[in-house]
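Look at the two complexes coming up: subunit A is in both, with subunit B in one and subunit C in the other.
And now, the complex of A and B:
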């Protein structure tokens, strides 16, 4: 038992507490902006757990992809859909929460029981340590080559699909004056097609003389 | 009594595998609860990310403790991170499209396919 081991254990406790409290905050906080920033904290703490597991490459990938890309994307989505709306009350919401909480607690109990009763084949082979990055590279270009290439195709498809889905329909020229307009700034002033009938709003164009 | 021997009395020698698995289990179940109970669609996506992170912690722990030489769990984690990034991009695009059409992010009002 060296000081490094105990430091490692204390780091594990601190990171686990950060992950679990952050996850609870993400789910329970009423303000969604706080949730998004706490989600970034959870991702960072998970990257710290990966560092404890001798996986520096995956920790770096986690920081760049989750904290740098996914979390920023979620913040963008929050900014794009920020609308103050009071959610309509739903009958039986409390009962539903309690029931789903019971189901999740049961699932947690099952997982923890499996965790603590299974005789894991410990200790396994000695950890590769710092050579992990080299070994991952060998895996990606030999026996996991096909999934690697498929992942690149998947990312391309996801990128194009996201652009197509999130694109706005814009006019290239102003409807009334006929002047060209900046493509990014004007959006078609039409009523959303799928609103319920009693919520239909009048189109803006009818008000212009 | 030195500090290290004080630690040696109170703490286990190394972090056990079960500790990582327990953290992953709690994270996953928190994600499931949030997925079921969130009414904001963005929070649903965040819950999915929490669940994926719980699975990743599991894969990494097994890779480090039981498969120390051929770290296949780390490769799988990288693939899961890739797919999660793609899922987040497409999910948020779908969310934006829904928001434009329904003018809300309330999950209870996304009932287009209800019969």
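And now, the complex of A and C:
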């Protein structure tokens, strides 16, 4: 085995171990922040696997979208929700865990069966390496044009939905609760806070000798 | 002011020196300036196998780039001190070495010997991992910075896209250190840093995309090659003036330089995510931000200012002097000139960044986000559209 091959094999082992252990950590760790950071690690390791397959464009895209955008947003959501809440003990937690564990194990068994029964063509097709960028672009704008456009429409819908939820002044009643919207909470020119305070303090100052 | 203006033009040569020294003694051998093959043949002449020679060669460019990055940081820190002093009509450091050139080294040594403190209620593991995650992507990005036709670590096909992807990893480290410090200012700083980094990445990527569209390649070497031909006239800045401004603003925001240094705004957040850090861990943040600044300046020079290109095409100069471009001596001179030009352009931009830092006030967080989302993003989109239209209309001038 040449140096390149053994390096590649070792990298593959390390990356696979990182993916497996990281994924287990994401699911099993009690601290949600650790889970989120580990998820970023798993995404990075998957990007490394893509790199091993000579798909550098996909690896970079994976890094940018999954780690740089998705994972950062998850972390953002976790860190912005600053709520100290004692979680009430869920009844029958043990049974729930066993059930979900069984479902996951069944899924794993199914995947393993598919993995072992499918006649994989080995070795696979030769990777096109650096030409992948051009090939992906060609596919996106020819035979995969419709899914590509549909995905962008989906994103647009999600964006509009988020804007509508965030700017409730477009409705007279709240979308979720159905109550009338408190117009005072909506963007409104208000006097700076310090100015208001000064106005309140001023009469007190006048009374003092 | 006199000190700064007198010495800043001469200074950019300094960080080029390690690169120059490493490149020069090898460059003589091969006319194509392919350092690797000449180095390998040198080692094979000493009796090593080709594989072993390759193994010996592999770490060399990486170490060279790492050293030049760190030296670049030292120079930038010195420049920052001297220029800020000149702006404020002070003298600045002057006792440590001639004109205080050893001051950054003294700073570094001081940080190295400081106690490494981990706050009692902090999360020790994440607290240590945070600064590392901030520095590593920045250093990795030097992989794609070309100093010459073959003078870069790796001419990867995805080039500039790799840099964008790597720079999107940085907010994870910032969030991590902000969270692990267990301090509200740190957490706010970390969140601000991540928000800022995400919002400015989009216009940055769009302006890069316009350049990529003109050069038909993501590789940094191809982007520079597309700007050679007519010297200064063929640089991208004339074809992408709007993109240049957007890129520079976004790069400053990504580096958290003033006027966008909100994540560490002293008056509001003590020092943001760096509040609890001391010693070498703080030094990693410090190093990371300056390496990022130099890197951004280098990439601006690669994307918009012709990279290693001389304002007058070297081929014309060689022709005027009656020399062949392929002659070894001319090759060596061209190669060194390329390194000097890249670094000179980058440090000119670093000079502007430092001058900006010490002259403009900080923006508010809402102004920052408004600027990013409501101004830069639409303009970057229009710029991309205009570039596409121009490329279709004038394929000769816009790389059709």
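FYI, the second predicted complex is superposed on the first by the 161 of 209 C-alpha atoms of A that agree within 3 Å, B and C clash if a C-alpha of one lies under 4 Å from a C-alpha of the other, contacts with A are read in each partner's own complex, and residues count from 1 in each chain.
Assume a residue touches a chain if its C-beta (ideal position, glycine included) is under 8 Å from a C-beta of that chain, and two chains touch if they have at least 3 such contacts.
Everything numeric in this text was worked out from a predicted model, so none of it was measured.
When both complexes are overlaid on chain A, the residue A:100 reaches subunit B alone and has no touch with subunit C. By the touch criterion defined above, A:40 lies against subunit C but remains apart from subunit B after alignment on the C-alpha atoms of chain A. When both complexes are overlaid on chain A, the residue A:60 reaches subunit C alone and has no touch with subunit B. In the overlay built on the shared chain, the residue A:79 is in contact with subunit C alone; subunit B does not reach it.
Of the two partner chains, subunit C is the only one touched by A:68; subunit B is not. By the touch criterion stated above, A:130 is placed in contact with subunit C alone, subunit B being left untouched. Of the two partner chains, neither subunit B nor subunit C is touched by A:141.
When subunit B and subunit C are set side by side, the one touching more residues of subunit A is B. The intersection of subunit A residues touching subunit B with those touching subunit C, taken from the two complexes, comprises 2-3, 57, 61, 69, 76, 80.
Contacts from subunit A toward subunit C in the complex involve residues 2-3, 33, 37, 40, 44, 56-57, 60-61, 63-64, 67-69, 71-72, 75-76, 79-80, 129-130, 133.
Interface residues of subunit B, counted against subunit A in their complex, comprise 3-4, 7-8, 11-15, 17-23, 25-34, 36-43, 45-47, 49-50, 53, 56-57, 60-61, 63-72, 74-75, 77-79, 81-90, 92-97, 99-106, 108, 112. If you check the complex, the residues on subunit C that touch subunit A are 51, 55, 126, 156-158, 161-162, 164-166, 168-169, 171-172, 175-176, 178-179, 187, 190-191, 194-195, 198, 201, 218.
Within the complex formed with subunit B, the subunit A residues making contact are 1-3, 5-6, 8-10, 12, 16, 19-20, 23-24, 26-27, 32, 35-36, 39, 42-43, 46, 49-50, 52-55, 57-58, 61-62, 65-66, 69-70, 73-74, 76-78, 80-81, 83, 85, 87-88, 90, 96-97, 100-101, 104-105, 107-108, 111-112, 115-116, 120-128, 132, 135-136, 139-140, 144, 147, 151, 154-155, 157-159, 161-166, 168, 192-195, 199.
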